[in-house]
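Dropping the structures in below, format is structure tokens.
Okay, so chain A shows up in both of these, paired with chain B first and chain C after.
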Partner chain A sequence: MLTQIIAQGLSVGAVLALSALGLTVIYGVMGVVNLAHGEFVMLGAYSMAVLSEPLGPWAAIALTPLIVGAIGLVVDRGLIRWLYQNPVKSMLGTFGLGIVIRQLVLIAEGPGLRYVDLPITSSVAILGEQLPVWRLLLIALAVVTGVLVALWLSRSAAGLKVRIATVDADVASALGTNVSRVNALAFGLGTALAGLAGALVAPLNSVYPNMGVSYLVGAFLVVILAGLGSIRNALLWAAGVGLVTSAVAVPQDDVLAQVVVWTLALVIVALRRQTLVVSRV
Partner chain B sequence: MLRSRLRLPATAAAGLLALALVPALMSDFNVGLIAQWLPLVVLAISLDLLWGENRIVSFGHGAFFAGGGYIAGLLLRGPQSDTTGANYDLLSEDTGRSAFASVVDALGSVQLAGVPLLAFVLPIVLCGLVGLLVGFVIFRIGSVEIYAPLVTLGVGVIAATVFLKLAAIGGSNGLSGIPPYVDGGPQAVYWFTAAWLLAIYLAYAAFRRSRAGRRWRAAGDDPIRLDALGVHTRRLRALGFAASTALAGLAGALYVGVSGFMSADIAGVLFSVQALIWLAVGGPGSLFAPLVGVLAIQLGQHELSEQLQETWQLLLGVLLIAVVLGAPRGLTGLAGSGVAALQRLFARQPHPGAPS
Partner chain C sequence: MSSQHPTRRDVLKRAGAAALGTTAVGSLLSACGSTDASTLTGATNASSGSGDPIKVGVLFSLSGNLSIAETSMKNATMLAIDEINARGGVGGRKLQPVVEDYASDFGVVVQKARKLVEQDKVAAVIGCYASASRKAVLPVFEQGNNVLLYPTFYEGLECSTNVIYTSLVAAQHLTDTAYWMVRNAGKKIYMVGSDYVGPQTYNAIVKKLVEERGATVLENRFFPLDQTEFGSALSAIRAAKPDLIWNTIVGAGIPAFMKQYQAAGFTPETTPIFSGICTEQELAAVGGKAAKGHYFPSSYFMTTDTPDNSSFIQRYQAKYGKDQPTNMPMQASYTSAYLLAAAIEQAGDATPEAILEAFPGVSATAPGEGTVTVQDNHHTTHTVSLGQANDSALYDVIERFAPREPDPFPAGIVPASKIPTCPRRETS
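Let's look at the complex of A and B:
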């Protein structure tokens, strides 16, 4: 059972990590707390559900982040840019956005559950237990994506611009960086990551318009623990949350797992000596 | 200033008149409907105490509202619960269930003039204590304006999941068949609830004008400066948070007395945000925002949600975005600037050459 718990925990953590990563990048760059993030995960899952039939699962997984990221770009230009650097305003505005996306999907696709077939149905034996290959692949993909995003931010020229704009938008602008383009890029990247999380998790869970809330809440749990702004911390805490969740959920049940995880999180936060500093990326 | 000293009694008289007109002019059905909205105004006041006066946004007040409602509902109705639909029975053993039943019976039997007193006291005390705990955590983290919404969001999610699975409070069926606090039909229930609302509103108006109210506002506007002035701001804000959750619990207790029903949905994030939308539409920080916001949204929901169905929720989302972008001070803010514009229009223009 231990292998089972670790594999399931890490795959839950991988999805959390991808969603939390998107939240972190968006907050770090533009000071927006995106409460519609769960809805972008949901859009990713729906994109997977719609595209995997005609195109096959792999093409669907590759296309979904692009599609959701493009939607994110449009939303950034249409709404998010009015909410920059104002966390409270951004929370209310993006919650409204979340309602709008959810209801549009509900009207277009109906309230029913949709299912996506597992792209890989086989399983491998590790330490005497059968583990589904898809879960292992999901973990690997999340780690690779996280590392790539971190490398892009720290090594590439575009990443450098993002980091300058994060530290001081005015200075970046004076030095010739197009800050509004950087912001749009960051929101597109964050939503694309959410879309990827949705596409990867769709074969494991059922897909429905209200599914976003639980991913939003999970991602926020990670963010509360890791602090908004640190990619490495977000990945580590996501793994931790996933492991604790499955350590309770596998032998007991999901409800108890959620209660245990949140209680632990609040205790950890309350016992911290230092108050959490909100650093940016 | 005489004018500002008269404003509070004048407001109270106007409020009393408006509340009195409802049962005089409307059918029993509509009186019953409006009576259900009055506790929602109390919930909106509890949120305004945080958001409007202290810049703390809570995404979890529905949990305290529902918690208070469940407690009051159990005490009003008694513990005989049908447990179908509840799949997580914490009190599955016979002994546990009967002990629970006798505790509920004993608590419900403390009555004053036929009203179970503890149905008000327990929600206030328990929701206040939980709120104190949550407030302690929030104000320890720092960056309150970001982390308060996140932590309260989590509290709401836990509460909704747990309420949904607790057989003792009806599980996914909810707690139904709760009798009202007073006999005598919708009119009596309306008056009972309206009296509570008026008392709470007056107390809130008085608090806003008091020294304590000004200190509370200062703790939100500039906590660091207030710290430097020697006030233990973190403790003050945690206490204020607890007061707000206690008021939300009282609102829930009043609500079940009117609606006769409480379900786990109410504890969830969506209802908590609906409450935030009332306030955003009303205009946080304004005395009348809770009343205006609740009436505007609930009236719209009542009139439109049947015909529009999913589109109503869509409209609500669009409305929230529009208010956030276009009218951050809500309807009361719009009305205020409208009045100011009219005053400028009708004010006698000073003659260009006149001495000032």
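Let's look at the complex of A and C:
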């Protein structure tokens, strides 16, 4: 049972990590609290639903972050850029954005559940337990993505600009960085990560317009615990939340698991001196 | 940064324009009514002179989350009404449908029911899907002395004087299947379901039935309605080693559960799933790969190969689209219109009181099923079959059970002292 708990916990954590990563990049870089983040996960799931049959699942998974990231760029230019560095305004703005996206998808696709084919339905025996291969893939992809994003931020020129802009936007623009463009890039990246999460969960679940809400809540939980801006922390805390959830849910039930997770989160946050720890990206 | 900030004047201007725009659009939209174009205005009370049409309310969700299930129910009702009118109506009077959309909202359903009963003064209403919608409108029908024909399978524990339950009630739905699964699949049963009264009652009934045949229920695990992550439950199921799963998860959880079930390595050969709430509609979202081999009992399957079912499907698809699926709730909605017509014919009078009096004993032919008859307890006899999913996400009929009478208060679920005489007033 322990292997099941760990594998299950890590796969839940993987999805949390991908959504939390996007959220933390967006806040870390441009100070926007993106309450529509769950909707980008949902858009990723729908992109997978629409593309995986004609193009095959792997092409669909590769394309989805690009598509959702592109939508993110458009949204950034159209709405988000009025909301930079303003948490309250951005919450209101993105809350409305979330409603608009949900309704547009509802109108375009209808309220019914969409089916996405699970590309790998087999399971593999590890340490005496049967583990679904797809979930293992999810974990691997989350880790790889997290590492790639961290490397990009720390090693590439664009990443450097993003980090400077995070620390001090005025200094960055004085140094010649187009801060507005950096913000757009960050929003595109953040939403692309959300879209990837959506594409990966779509085959395991159901795809419907309101599915994004629970991903937003989970992502926020991880971001609050991990602190905004640190990718490594986001990955670790996502894994932690996933493991605690499954440690309670497997022997008991999922509702109790939620109670335990949120109570622990409250205690941890209460014991810290700051509510929201902000660290360097 | 300050150049990027809009001034107060800009914001107020923009906000003002937006507010004006929204009000204009909003009033435009509300001016378009929600009633179907086929309703006539200025029509008379249902019980007035011969030749005048009989108004029949049709109350389903045509928008919102539940519309995916209920639109076909409204369509099937309209098909039946058109057919009845084409052969001359009832006693020379045509049926005039008054269609209302309650938009998957259990507050709106009360308003719309009230409108149909008090303003339109319909002779009867065919409608509602989720038990919550039926419960919400019970007072409207009981206090308004009107009739609701309820065409959805449900958990029972009710028998209103003003409702005719034209689809399956839980014990009637599940009894033969419960015995079948113990006989053929095994004696160790793991139960899962969504956490509200419908699945809870279904599970309690099946538990009693299987225990009668010597089976054991290993666990009865309920999930919140929005849960789509079942990994932990599947780990628990694996540890419990059941022979079969009894499943009353509803909605978005069904595809999630069944796909994750397959991905976790469970097969229908070793551990089949028997579902209580999984028509062809839910199965389409599961997909043939994950659905194949699992079971569902129903009074209607689209694959039933009889001339009357083929004709029904053909007529429905001719009117509503070539690939439109058919399933139990819409078949029951269709049959409800015929039951209503028969009751009005029997009563010789199209007032709700007369219709209610006439109902017990009234029969109609349900396509792909057979004759259904309304009983004194306001429920209907039905013939249930057990279906097994194939790789097209449809059910093949593998066994047809004998017709069963409906019992909304099965012994052993409700204490004997609490079993009422049916029908009774449910609201005061």
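Just so it is clear, the second predicted complex is superposed on the first by the 275 of 281 C-alpha atoms of A that agree within 3 Å, B and C clash if a C-alpha of one lies under 4 Å from a C-alpha of the other, contacts with A are read in each partner's own complex, and residues count from 1 in each chain.
Here is the rule we go by: contacts are C-beta pairs under 8 Å (C-beta built on N, C-alpha and C of every residue); 3 or more make two chains touch, one makes a residue touch a chain.
The model shown is predicted, which means the values in this text are computed figures rather than measured ones.
Peer 1: Would you sort A:211 into first (chain B), second (chain C), both or neither based on which partner it touches?
Peer 2: Touch status of A:211: second partner only.
Peer 1: Go through the superposed model and pick first if A:89 touches only chain B, second if only chain C, both, or neither.
Peer 2: Touch partner of A:89: chain B, not chain C.
Peer 1: Looking at the overlay, what does A:8 touch: chain B (first), chain C (second), both, or neither?
Peer 2: Only chain C is touched by A:8; chain B is not.
Peer 1: Examine A:249 and indicate which partner it touches, taking first as chain B and second as chain C; both and neither are also allowed.
Peer 2: Second partner only.
Peer 1: Once chain A of both complexes is superposed, is A:147 in touch with chain B (first), chain C (second), both, or neither?
Peer 2: Touch partners of A:147: none, neither chain B nor chain C.
Peer 1: Quick one: classify A:117 as touching chain B (first), chain C (second), both or neither.
Peer 2: second
Peer 1: For A:107, decide between first (touching chain B), second (touching chain C), both and neither.
Peer 2: Touch partner of A:107: chain B, not chain C.
Peer 1: Taking the superposition as given, does A:171 touch the first partner, chain B, the second, chain C, both, or neither?
Peer 2: Neither chain B nor chain C is touched by A:171.
Peer 1: Taking the contacts chain A makes with chain B in one complex and with chain C in the other, which residues are shared?
Peer 2: 82, 213, 253, 255
Peer 1: Quick one: in the complex, what on chain A touches chain B?
Peer 2: For this pair, the touching residues of chain A are 33, 79, 82-83, 87-89, 91-93, 95-100, 102-104, 106-107, 213, 217, 220-221, 223-224, 228, 253, 255, 258-259, 262-263, 265-266, 269-270, 272, 275-278.
Peer 1: Write out the stretch or stretches of chain A touching chain C in their complex.
Peer 2: Residues 1, 4-5, 8, 11-12, 81-82, 84-85, 110-115, 117-118, 120-123, 129-130, 132-135, 169-170, 203-206, 208, 210-211, 213-214, 245-246, 249-251, 253-255, 257 of chain A touch chain C in their complex.
Peer 1: Going by the contact rule at the top, pick out the chain B residues touching chain A in the complex.
Peer 2: 55, 57, 88, 134, 136-137, 140-143, 145-147, 149-151, 153-155, 157-158, 161-162, 165, 269-270, 273, 276, 280, 310-311, 313-314, 316-321, 324-325, 328
Peer 1: Okay, in this complex, where on chain C does chain A touch?
Peer 2: Touching chain A from chain C are residues 1, 4, 6, 64-65, 67-68, 195, 221-224, 226-229, 231-233, 235-236, 238-239, 251-256, 259-260, 262-265, 282, 284-287, 289-290.
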